[in-house]
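For reference, the structure I am asking about is given below.
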Amino acid sequence: MKLVVAIIKPFKLDEVRQALTAIGVHGMTVTEVKGYGRQKGHTEIYRGAEYVVNFLPKLRIEIAVASDIADKAVGVITASARTGQIGDGKIFVTPIDHALRIRTGETDSDAL
Amino acid sequence: MAGLLRRAAAMAAPIGLVSIMASPAKAAGSEINAADTAWMIVATALVLMMTIPGLALFYSGMVRKKNVLATMAQSLAAVALISILWVAFGYSLCFVGDGPWIGTLDRWFLAGMTMDSINPAAKTIPEALFMLYQMTFAIITVALVAGSVADRMRFSAYLLFSVAWFIFVYIPLAHWVWGGGFLNSMGVLDFAGGLVVHLSAGTGGLVAAKVMGRRHGYGTENLSPFDLSLAVMGTGLLWVGWFGFNGGSAGAANSHAVMAIIATHLAACAGALTWGAIEWSTRRKPSVLGMISGAVAGLGTITPASGFVAPWHGIVIGIIAGAVCYWACTWLKHRFNYDDSLDVFGVHGIGGLTGTLLAGVFATSAIGGTAGLFEGHPQQLLIQVYGVAVTFVWSAGVSFILLKLVGLFVPLRVSREHELEGLDISQHGEALQ
Amino acid sequence: MAGLLRRAAAMAAPIGLVSIMASPAKAAGSEINAADTAWMIVATALVLMMTIPGLALFYSGMVRKKNVLATMAQSLAAVALISILWVAFGYSLCFVGDGPWIGTLDRWFLAGMTMDSINPAAKTIPEALFMLYQMTFAIITVALVAGSVADRMRFSAYLLFSVAWFIFVYIPLAHWVWGGGFLNSMGVLDFAGGLVVHLSAGTGGLVAAKVMGRRHGYGTENLSPFDLSLAVMGTGLLWVGWFGFNGGSAGAANSHAVMAIIATHLAACAGALTWGAIEWSTRRKPSVLGMISGAVAGLGTITPASGFVAPWHGIVIGIIAGAVCYWACTWLKHRFNYDDSLDVFGVHGIGGLTGTLLAGVFATSAIGGTAGLFEGHPQQLLIQVYGVAVTFVWSAGVSFILLKLVGLFVPLRVSREHELEGLDISQHGEALQ
Amino acid sequence: MAGLLRRAAAMAAPIGLVSIMASPAKAAGSEINAADTAWMIVATALVLMMTIPGLALFYSGMVRKKNVLATMAQSLAAVALISILWVAFGYSLCFVGDGPWIGTLDRWFLAGMTMDSINPAAKTIPEALFMLYQMTFAIITVALVAGSVADRMRFSAYLLFSVAWFIFVYIPLAHWVWGGGFLNSMGVLDFAGGLVVHLSAGTGGLVAAKVMGRRHGYGTENLSPFDLSLAVMGTGLLWVGWFGFNGGSAGAANSHAVMAIIATHLAACAGALTWGAIEWSTRRKPSVLGMISGAVAGLGTITPASGFVAPWHGIVIGIIAGAVCYWACTWLKHRFNYDDSLDVFGVHGIGGLTGTLLAGVFATSAIGGTAGLFEGHPQQLLIQVYGVAVTFVWSAGVSFILLKLVGLFVPLRVSREHELEGLDISQHGEALQ
Amino acid sequence: MKLVVAIIKPFKLDEVRQALTAIGVHGMTVTEVKGYGRQKGHTEIYRGAEYVVNFLPKLRIEIAVASDIADKAVGVITASARTGQIGDGKIFVTPIDHALRIRTGETDSDAL
Amino acid sequence: MKLVVAIIKPFKLDEVRQALTAIGVHGMTVTEVKGYGRQKGHTEIYRGAEYVVNFLPKLRIEIAVASDIADKAVGVITASARTGQIGDGKIFVTPIDHALRIRTGETDSDAL
């Protein structure tokens, strides 16, 4: 099994969710994060104090999937999250040793 | 019809704060009454509180987090800009001189206004106070319009549009209805601004929403409010402030003011209960947003009628307000597919319209000196219809032209990117954390 | 004891806004005083502001995020419902007719109330204004009760209970103490509602908290407030509004009102400092929640005494209030193991009780026309004890019965799942983000 | 120069609420006017609202999340502490007896103040009300100072400093300028507190900021406000409350109060627009924080001038206020490298100073009875300069000494760890969630 | 070493923490997240605009443990976080290459 | 490639970011988290109800880097995030199978 972690632009969440549902991935966990990268932030000014805000709001999506569909998941996320503008985000795929559904105790792919 | 209306007007004894009037004059000092002055200063403070922080909170509590400050900025800017224009020429054009179409510039920058001058429309308080009180009405009317274009209008365009709208929509209407203009002469009843404030702002908002188009994500994304508790606070302050809005429109600390306030309060209560009840029966839950929307609908709707009807009429009018405005915000808006972000038309436009008509229905001689339909004076209702038509057409037409004109100088709407990022950052360079 | 009390009552010259009274009558127009009217309109607005947004903020600032809107909904609903019932029959039953047990229905739906009628209890303002002012007291009393059952009461049950409680607890008590009823005749001192408002609401809340049981997680989970800054705002508005609550209870714009306000303000200050000091010495830090709790405790406690005692007595009463209410919220509550969510009993119940007794101790003839214990009139204290006992027993007993009755129609409490999810979503279908 | 000034003072007819006065006396009951009383009760409530919740919100809306409650606690504590000290001896020392340096203790704990006593400074309202109204000024002045040391001052040190500052800075200044002291005799114009309130608080804050040093992270970390919407709410309430602050300083419900209010409102508007416009042109965006800062700058600046100048002067003074205070908050602060957290000196200190001078420039006999520079009375400007110098030197010097003294008993500043953790937790044991 | 990531219902945090402490796990990092899965969300209505909210509040707990007690940790989390209702959550176990305590520079199991 | 996850004290973020930039790491994703560990929390009191808050605010920084500079990254984070006080936090290094830049589809080290 793989854990697919995608950092995306916040307003793309719904499209990504729909694309994943379409390939049969029905679960995910989403975190509000701040991203730092090539994309330029903005300047905030408070009575003359200027702060450059380089950390931009992003969403981090975590999806556990069976190893064989990890590539497919990466593919649909890429397609649905892309705007072509800088700051579209990244996808990282990492290994999972075990998975478990708390309610039933089912493990590994049954747990997803 | 004009003849008929004119006759009806002659029958309807003008009453209340606002009546057919001559130019302000230096009055004998003894006419100014300290008690009325005390009340009217407070009423003025209450109406100012309706805009800041009242309306600023009510509106910003209904937008997304990224637009909270920008929404507040619109109310703030309306206060700052319109106040100065009011003093510069607005008051004079509205309330000095009684031509049918427009007042005079005799009192520009308050020229000639002394410690003891009065305006014939409010003989027991200083003219300066009458001017200030009326200023707060101009402010809130302009600030109301902003709700329709929340989340997407460029701040610079908003400022230009506000100034233009104030000059070409608010000033004429205020003069026509309250300042001795042709609707005033005709006997249109509008105690505290069903036409001048609510219908005109609602209509202006509707047109602006149509011209600017829908928000990105409207109908597809979750545009739900960030922090409705702000809207509840705002409603509380609006409600309390409305005692000054409708009560102060009596111009004195007397029973007439009290009766107007009771009707006002009851309409808010009935509106809140009605909207909540409809939601409960049709959607299984009464929402807080629904209750406050109903309250504000009741308040807006009773406004033109408040000083003319009996207190308990407030309950009836509030129930009607809750139902009609609910329908406007849910059915009408979807039917005509406009994105009036904060339902300025649905709540204030429809409320002001409905209340102006109902004033013609329920007007009670014992309260406001004018009889309505139910007291056997159907002509009054016709006059009210006429007032509504004039206000709607004028506000809609002029608002449209002004938006097109402003759009020649600066794009009305922010860029798609800025809209997604939020107006707080893009227009003001700051944000909630 | 009744004989003794009666004699004492005869000695105590009734004073203040509320006294033994006949039915309202049409008054000569000249009796209505514009200055008093101006002040009382404003006082009415201030007391309304105490509930919305004051109490709505104070309460919702002490609950968890998931219940903020539901808590505000309770205040809103109290305003909307009780106002209409007050106009329908509440005012008339409380303040029209002076039977020992209950008033009459002569003024149902304000029947016969004209522009120049007055109520003998407040001869210099329009009866309509007196009615409206008293309405705001009924509203806030009902709204106060809700704090005890915050976080768990079903909205439908809350509405039913509120209506029933208003009819069967508030109306009789208001008549007995203020409307010419038996406690009034006996000479009980309750300037602005120690019995009628605070003790009755606190007791009702206590009973409701007991009947409904503790919140899930009480004592084990962290139930700490989501956003205390709301509670601070609410306290500010309550405090300012209390000028209208206690000052307005003088019924006129005069020194009596001013003295009541000074005592009120000082009690709030002393209460805040006392509660803070106790926390500082026993728990090493003075909390903001502690300071605002002490302020509200001081305000609630001075309420019955405010127009009867000298201004500086406010300091003494505030100190006692801070200490006693602190003890009630920390020791008493745990001793009897009830979960009065927002300490309505601890702050308002105990405060109202304490203040009513202290009114009997400190009453000063030069201020309110009645002498208390310290001026050598110990009977007054007995009368006060009697008033407290009657109020406590009546509110407790009737509240219990009403809760059981309401429980027959609809479960008082939401399901465990809904409680965990939060009332905002489960009762109103909306949420803070 | 003293001779010159004295002569000028003799020429300047003292006017407004505060004038050279004898001791309070029992007045014939008939002098007390119900209408003025009604207005002044309300004005008192409005000024209290300026501090709680007004200033509490304005200030806490500009700090980081971890310090929101601690910032509110400072306003709350100022209300509670100063009110009691005011009643104990503050009022008497300021306003009873007309020695050049200090008043008397004749009215300590309101001794001898009856229902019908008046203070010669405000002959148509009860002395008790005059006392209460002036109390709200003392409160807000002390509360204002806190903004300079936000985010880092220990709560215990704050309390000690506040008490000492009230006694040794506020009381003398209030007596000198308003209570018959030497500046009053000299004819200094300070309608509602440019010197006594704003310059004294701003200067005290500046010194405290210097003595305590800069916040950790100042200049390197992002110290941006947590929730500016609180600051906007606060501004709204401050603005509305300022009608009571400047309007109430006329002491009566009359045209003088109205004129003061108009000038006040216009200055706020012009200040907001000016600050916003400067930001727009120099930094490409007008911020909401900028607009509200400009509004408060305008309000603070017009305060000393409000009852002495013509309404439209408010616009001019507001524009100057916006520009000068903007410069103080951006350039001056960086030039002298002090960390006045919430710009109390930049907004209130510089505003009060500027407004006091401008009062000497624009004073208009027809409004306030005194002529200024533009009406050919340049001496008035010299007197104003003198008042500014005395106030600045006294407040700066005494504040410095008091801080050093307090620092002997308790460290002024919290530990670095506590500062990082936030004052809410470390000083009050509670937090926003 | 293993990183045990558990997605649980928010009100279960305290029980889970106690259960972990009982087996000697004294550190963890918790994130507020939104979860999407089988559990049905709720509908919010704002003046007639209806939004179905499918992302529900969950907590994401991250616990680094020595490999040999990973299973035990998974076991106690399962036991303490279970309500038996849908939406109880998941546990994923992933590998850690290195761990380090910033304060002391201690590494691997000493770092925990 | 490696995913370096560091739990640090919030006020250290800027120093850590600068240190990372200095060694050529130009991207990261930051999450606000609550940490439980040896560091003692504080007590909050609300009208006599006392709550011991053991979860303290921390930041979780996630940095994907080529395997060869993972150690260097760990080193500079350690150096820049250290105060020497308890609660400074942890660093965990976990494996990444694949990485991808959404905007361009570039993969692995090119994606960073």
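A, B, C, D, E and F are the chain letters, set down in written order, and residue numbers restart from 1 in every chain.
In this text, contacts are C-beta pairs under 8 Å (C-beta built on N, C-alpha and C of every residue); 3 or more make two chains touch, one makes a residue touch a chain.
On a predicted model such as this, the values are computed, not experimentally measured, just so you know.
**Student:** What's the minimum number of touch steps needed to get from subunit E to subunit F?
**Tutor:** Graph distance in the chain contact network comes out at 1.
**Student:** Centre to centre, by mean C-alpha position, how many angstrom separate subunit B and subunit F?
**Tutor:** 53
**Student:** So, what's the distance in Å between the C-alpha centres of subunit F and subunit A?
**Tutor:** 18
**Student:** Could you check subunit D for residues that touch two or more other chains and list them?
**Tutor:** Expected reply: 33-35, 38-39, 42, 224-225, 233, 283, 285, 287, 289, 429-430.
**Student:** Among the residues of subunit A, which are close enough to touch at least two other chains?
**Tutor:** Correct list: 31, 44-46, 94-95.
**Student:** All pairs of touching chains, please: list them by chain label.
**Tutor:** The complete list of chain pairs in contact reads A-B, A-D, A-E, A-F, B-C, B-D, B-E, C-D, C-E, C-F, D-F, E-F.
**Student:** So in the complex, which bits of subunit B are touching subunit E?
**Tutor:** Interface residues on subunit B, with respect to subunit E: 62, 222-225, 279, 283, 285, 287, 289-290, 293, 329-330, 333-334, 343, 346.
**Student:** Per the contact definition, I'd like the list of subunit A residues that touch subunit B in the complex.
**Tutor:** Touch list, subunit A to subunit B: 11, 14, 42-46.
**Student:** What residues of subunit A sit close enough to touch subunit F in their complex?
**Tutor:** 2, 6-8, 31-38, 54-55, 58, 60, 74, 77-78, 81-95
**Student:** Touching residues of subunit B toward subunit C in the complex: what are they?
**Tutor:** 33-36, 38-39, 42, 46, 65, 224-229, 232-233, 235-237, 239-240, 243-244, 247, 252-259, 261-262, 265-266, 268-270, 272-273, 276, 283-289, 291-292, 295, 310-312, 315, 366-367
**Student:** Under the definition above, what is the set of subunit F residues touching subunit C in their complex?
**Tutor:** Subunit F residues touching subunit C: 44-49, 51, 53.
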